[in-house]
Amino acid sequence: MFESTKQTTALLRPKVWALTLLLATLTPAVAFAEGEALSQEHGNLLWTLIAAILVMFMQPGFALVEMGFSRAKNAGNILMKNLLDFSAGVPVFFLVGFGIMFGQDVAGLFGSSGFALSGVDPTTAGGQWDLTFLFFQSVFAATAATIISGGIAERTKFSAYIIVSVAVTALIYPISGHWAWGSLWGGDELGAGWLEAMGFIDFAGSTVVHSVGGWMALAGAIVVGPRLGKYSADGKAKAIPGHNIPLAGLGVFILWFGWFGFNAGSTTTVDGTIGYIAVNTAMAACTGALGAMIFAWIKHGKPDTSMSLNGALAGLVAITAGCYEVSPVGALIIGLLAGILVIISIEFIDQVLKIDDPVGASSVHGVCGVFGTIAVGFFAAPGYGDNAGLFYGGGTEIIVTQIIGAAAVSAWALGAGLALFTIIKLTIGVRVSQEEELKGLDITEHGMESYNGFQIFTNE
Amino acid sequence: MFESTKQTTALLRPKVWALTLLLATLTPAVAFAEGEALSQEHGNLLWTLIAAILVMFMQPGFALVEMGFSRAKNAGNILMKNLLDFSAGVPVFFLVGFGIMFGQDVAGLFGSSGFALSGVDPTTAGGQWDLTFLFFQSVFAATAATIISGGIAERTKFSAYIIVSVAVTALIYPISGHWAWGSLWGGDELGAGWLEAMGFIDFAGSTVVHSVGGWMALAGAIVVGPRLGKYSADGKAKAIPGHNIPLAGLGVFILWFGWFGFNAGSTTTVDGTIGYIAVNTAMAACTGALGAMIFAWIKHGKPDTSMSLNGALAGLVAITAGCYEVSPVGALIIGLLAGILVIISIEFIDQVLKIDDPVGASSVHGVCGVFGTIAVGFFAAPGYGDNAGLFYGGGTEIIVTQIIGAAAVSAWALGAGLALFTIIKLTIGVRVSQEEELKGLDITEHGMESYNGFQIFTNE
Amino acid sequence: MFESTKQTTALLRPKVWALTLLLATLTPAVAFAEGEALSQEHGNLLWTLIAAILVMFMQPGFALVEMGFSRAKNAGNILMKNLLDFSAGVPVFFLVGFGIMFGQDVAGLFGSSGFALSGVDPTTAGGQWDLTFLFFQSVFAATAATIISGGIAERTKFSAYIIVSVAVTALIYPISGHWAWGSLWGGDELGAGWLEAMGFIDFAGSTVVHSVGGWMALAGAIVVGPRLGKYSADGKAKAIPGHNIPLAGLGVFILWFGWFGFNAGSTTTVDGTIGYIAVNTAMAACTGALGAMIFAWIKHGKPDTSMSLNGALAGLVAITAGCYEVSPVGALIIGLLAGILVIISIEFIDQVLKIDDPVGASSVHGVCGVFGTIAVGFFAAPGYGDNAGLFYGGGTEIIVTQIIGAAAVSAWALGAGLALFTIIKLTIGVRVSQEEELKGLDITEHGMESYNGFQIFTNE
Amino acid sequence: MKLVVAYIRPECLNAVKQELFAKKIYNMSVTNVLGSGRQKGFTETYRGVVMEVNLLKKLRLEIGVNDDYAEQAVEAINAGARTGKEGDGVIFVLECAAAIRIRTQETGPAAMG
Amino acid sequence: MKLVVAYIRPECLNAVKQELFAKKIYNMSVTNVLGSGRQKGFTETYRGVVMEVNLLKKLRLEIGVNDDYAEQAVEAINAGARTGKEGDGVIFVLECAAAIRIRTQETGPAAMG
Amino acid sequence: MKLVVAYIRPECLNAVKQELFAKKIYNMSVTNVLGSGRQKGFTETYRGVVMEVNLLKKLRLEIGVNDDYAEQAVEAINAGARTGKEGDGVIFVLECAAAIRIRTQETGPAAMG
């Protein structure tokens, strides 16, 4: 009934059709001749787009983990913070952050052009790529931003959080991002950041994205102070259990799912490496969960659910820098170590430093981000990526570079975070009142409950 | 150990292998020579498939939003309605709706061939495309259908809803869909609907999909009447808070995620435009959420969670028509306006018209769908898509066409909806008994509770 | 402002850029000339990767369904089991299972090489494909493993479950998997399993994956025994309602979403068949849900929510074997029958056999997996796939082969499952104490509650 | 002083509150309870198994009143909670030996109001 | 008339109900409570921090009975709820000054049944 | 013997428990309640509609004590629950006719401790 010539027509989009009626054959560019090949450029653009969509989906992953690990009376507030940081972050990054991160380099420190992608011509292949690249980068920026809300959950003013979100996506993340990835968009023409010029390796952002978020979260947790009742009068840490572990578990799996876009998508190219990047990503997440599960079991006598979930995330954060550089066996080891490290770190920050980070954001993203970045210097495997780490006969040079890079970015994020939160504290205030905290931020900040009708036992 | 020639074999699928044993080399078509290029047709088919899968995932997004925004005692019923409308909608659209929407045109009003894709040969490239196109279109049809359940939630008989679902996917949606998109499948050969012949622009379906669902939801809400206790004796609207805001929030993010398939997938082509379509989609959703958040904050003193979530959806609905035609800056503005508009509309429908739409389906999908469609006439930007809107020196012609199109489809959906719901009301009845409504539809319609064991405070 | 030559540079990944600074032009392989075509190999690799990511996402789908259908006091334990089986399964399959399933064939019974993908060179196209193929297969293995946890939920020791998980992904699944799919990786060179040599058709794994999981679940349910209070003294089955139907519903939709990767991805090739495979997958899921909904309605007077959800899964399991071989109309019928069958089977196993399978894993995956496998012999349609079933004039030969294959694999899985669970029972013990079961496994096995603060009524 | 304890249908709470307010009784506490009484439970089918639900959802109302208000509280509850169908519930009146309002430290009848 | 109030283990409810039914006591109301008593709480570890759980989940049973049934109700609860391990709970018997069945408006002992 | 029933603010429970423990009162049961009293409810806005919330979340404490401990229990509750702002709640002391500890079958005052 239908001839095969029809297919070409069917490929036309609505608007093309409407236009065709008016302009006849004036749009040959969009209709493809039968048998024509898909270009590598369009393949790359497709993959980058799909990967960006996967990374965007990490937003609810973060929201669920953070909600699940905190109390029912603050769930809606946490959700709003995650909605806000994405909703503000993407436009702000488009208008300001992108230019700072990827624009014309100034002394290796920040970019200075490309704001709102001005000058980009969407009718050219180059311009269409630029817009796709922007989308991919903007969801990365939003990831860095959203990590922060977990560390300061259950007590921070919503208005203060808005300022933090905007500052992170406009300036703090793009500046250190420029150091490591500044030339990714404009190449030689626009110049490189100082860390990439040194050869710093952070393939998908253990340091650039996760550490920045993690250390900002730590800075926030320090300045905002612990939740009421978190530390007893004699300074002993008390547990404040999360209210919805199934939601947190779903969140971890959603993050894991999106992380394949995060890591494998960072090629922004369809080639043969995306497969093994995904394998490495999966392996490290698995052993991260296993490492945490086993370590908690040994240490506390039970395989703790929330720690095991954190372990999977720790493995994912740690493999992000080296997913292109290490072998699957290397990934297994990196993940395992990260899974153990995250527990040690959470307990150290919570019980020794006495900093109250309700979801462990600083340990998962900050500590494991740095760990994963440095691990590249040891585990980078010949045949994978372009480097050889210490364990494969490479020298210590990469390790040194990795340490410099991780330290510089961490210092920047922590310092900028402390400064930012302190300024907010001294101006509009960073913390809700004691009464608001007791009643819960859902009611007091947003005027509604998250679980209307459910009988929830609150007691502090 | 393994030679690289192995890869060709590895690409063979199970069935091919089984066959190879029997038929030796009779299937050359499916094994690809090394170095062969992926054809544009297969690239398009792949992208259309992936996009359709993303759109399919919007189904649980709708279910979660609708569940979260209504009461615990009706959650399972809402879930069942969403399961039913997809489960019935996809087969019904395949058997009936597709032919009405895309078959041989009759006077620009409806199609009349292609039922159950009869005559399509799955061994040809054209036939394989047809099946993929059907899949993509069937998830769109199911989206239109599922919007309705939100507007009539918590009081409508399940049996009545089944009839509505079938009627929408078999007739109501395909007929107006034919007007705007009728030639998308068969092109010149099968003829175009009257709106596309006029040059009506609705790239991914602000009007064709969302408005149709939204106005049907409004029609249902009118005929079914408000929930018990929704309006006091003196006609004042009362709030009936949703029971699970975390689930609703997750639903919004899932919808957002799927929407990238909805909008960028509507190219059904891998080319350079899919990237900026996604950018536009993200921008409008972000400013939609921001607009609603800020507007609610100013108006009611608090950044309302449920309104902000609705705002993101409002931005998404509004950008759907123009995502291919407008610039990212245009998308930012359209989203912002939609976010404000959705609050005004929800309050107007709820408090002035006194129509009880528990989740705001008519405002989000109906009102913002129409708004977004008309906005194309103002914001269509040269360089993006093929048109210039009023703000870019284009004339008012497009605006007029857009208004005609949006009005015609809206009138059709609202009229058909009122007729359909009224007929059901007069025959099998459209509403559960008062006692059933008080007890909740989970128990009374499906014989089970959604949250067994949880203590839930019910009180009306 | 930016010339189009920039795009080529922009495509370079971080590491490449860093390298470029050091090594100048030594990496020509990764930079693509403008206008170059995407190769079919890379297209296939991309699609296989995306499909694998979708299948990975089925993990939380299973977790949610199983959590939702059991009691609140065990939700975290079920989540941990799902986290564990994936986290252990993927590395174990990489190290051991893959080689057993796809390595050098031994007598058609198992493979014996390729452990940890040793010998694979990731710098070659073949090696990169191998790693991608491994990823795809490892998420399949994890799917088989995770099915089991549902059947033995709410009473099985976590340590026992770890052993089961490892055994399944290391040996039990790979052995029968080798029978049917053994040559998928190495082709002629490494030799085929005995079932594929017979021409057994199981395109995406109704039998290979789902039945294996389902029968192992049944074996576990038999050996572990029913939950306390499941059968009264006089042997009558009692209902133990699930605690969170919204979560279970979300889980079903997530599984459905991932299933498109499972089925259409099993081509591991971008060609024209992936579209209709997705259509078939959708159709069978829809009619599976409808079939169960209607059948439950007729049988018990209400359209039962949990049964309808199971029905969708039943349709999906049943179409998995034949999704490449049958027509959309065939898929509609197969799904419908599976939806009815799953209810009959659940009630039979629960009430007649008195085996307590809390989520119906054995019926959904075991029974419907076998049904779907055999159905291929009847419904395989010319034009789709490469076979003609009985209803299309093919002989009974395929049916016989299908029955042999399904029976052999089922016997293997059930037998191995009974043996494995019995050995565990006799050694470390398979079941928690009565007191632990009453208190719930969340507290007793993992030391934490899933819904802290919620008032949950527990009573048995 | 008396503590009036009533078990009522959840859907009657609003009506009962209106009646109490009409009699200027504003103080009360409400709890979720599961009750069994003359109203038989019902049977549901869950996954094909018939399930007896014999603990029904009710609300428990507690109202501390002075002796002269006890009658009125009972009347108000009766007025608001009665549907005439099985399951309407019961009212118990307990003797209250002492009452203290925490904020004001009022005791006895003064604490009740 | 008496109001028998008992705090029991959640897992004993079914047994208690059976015992009560055996004595033809069908009317009761059940609430979730958190209790502390002689049974020490337990410690859990949440995210590496030792956590004292000293409010344990219990059920509260309320049974309004006529004086002659009070003994029997207490006996039935004792029979069903006793495990001999710490945490079994207590039974309090309160004096009930008046009782009204809302549906029938029966009062006094007649309202209890 | 007495059954002390108190309605308090949820956030005061810990303080009350400390005070009770200081007086060697360890046994108690706690329930979620929704209460209305002198403390006015508040208004929220949900989806643009003003919403009156007049049932506030409170906790109900029940403590069975011997007569000589009743005073002390009341004192402890007063000490821990009083903020001086509306909504602090009330304490009712009910007469308890009999008490049985299920595990030990101790009765009367001995059952209370």
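For reference, chains read A, B, C, D, E and F in written order, and residue numbers begin at 1 within each chain.
Here is the rule we go by: a residue touches a chain if its C-beta (ideal position, glycine included) is under 8 Å from a C-beta of that chain, and two chains touch if they have at least 3 such contacts.
Because the structure is a prediction, the values reported are computed rather than measured.
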_Following contacts chain by chain, what is the lowest number of steps it takes to reach chain D starting at chain A?_
2
*asked:* If you apply the touch rule, which chains end up adjacent to both chain C and chain E?
replied: A, D
*If you walk touching chains, what's the least steps from chain A to chain E?*
1
*Determine which of the two chain pairs, B-D or C-D, is joined by the larger number of C-beta pairs in contact.*
C-D
*Approximately how many whole Å separate the CA-defined centres of chain C and chain F?*
52
*Centroid spacing, where centroids are CA-atom means, of chain E and chain F in whole angstrom*: 18
*How many angstrom between the C-alpha centroids of chain C and chain B?*
29
*Mark out which residues of chain B touch at least two other chains, giving numbers and ranges.*
37-38, 41-43, 50, 125, 127, 129, 133, 241, 244, 250, 300-302, 304, 306, 447-448, 451, 454-459
_Multi-chain contact residues (two or more partners), chain D_ = 31-32, 34, 44-46, 55, 94-95
*Can you identify all of the chain pairs that touch?*
A-B, A-C, A-E, A-F, B-C, B-D, B-F, C-D, C-E, D-E, D-F, E-F
*Can you check the complex and tell me which residues of chain C touch chain D?*
237-239, 241, 296, 299-302, 304, 306-307, 343, 346-347, 350-351, 360, 455, 457, 459
*Residues of chain E touching chain D in their complex?*
1, 3, 17, 26-32, 62, 64, 94-103, 105, 111-112
*Note which residues of chain A are touching chain F in the complex, please.*
229, 438, 443, 447-448, 455-460
*For the complex, which residues does chain A have touching chain C?*
37-44, 47, 50, 54, 71-72, 113, 118-120, 124-127, 129-130, 133, 180-181, 183-189, 192, 196-197, 199-204, 241-246, 249-250, 252-254, 256-257, 260-261, 264, 266-276, 278-279, 282-283, 285-287, 289-290, 293, 300-306, 308-309, 312, 324-325, 327-329, 332, 383-387, 451, 454-458
_Help me check something: in the complex, which residues belonging to chain D touch chain C?_
32, 34, 44-51, 55
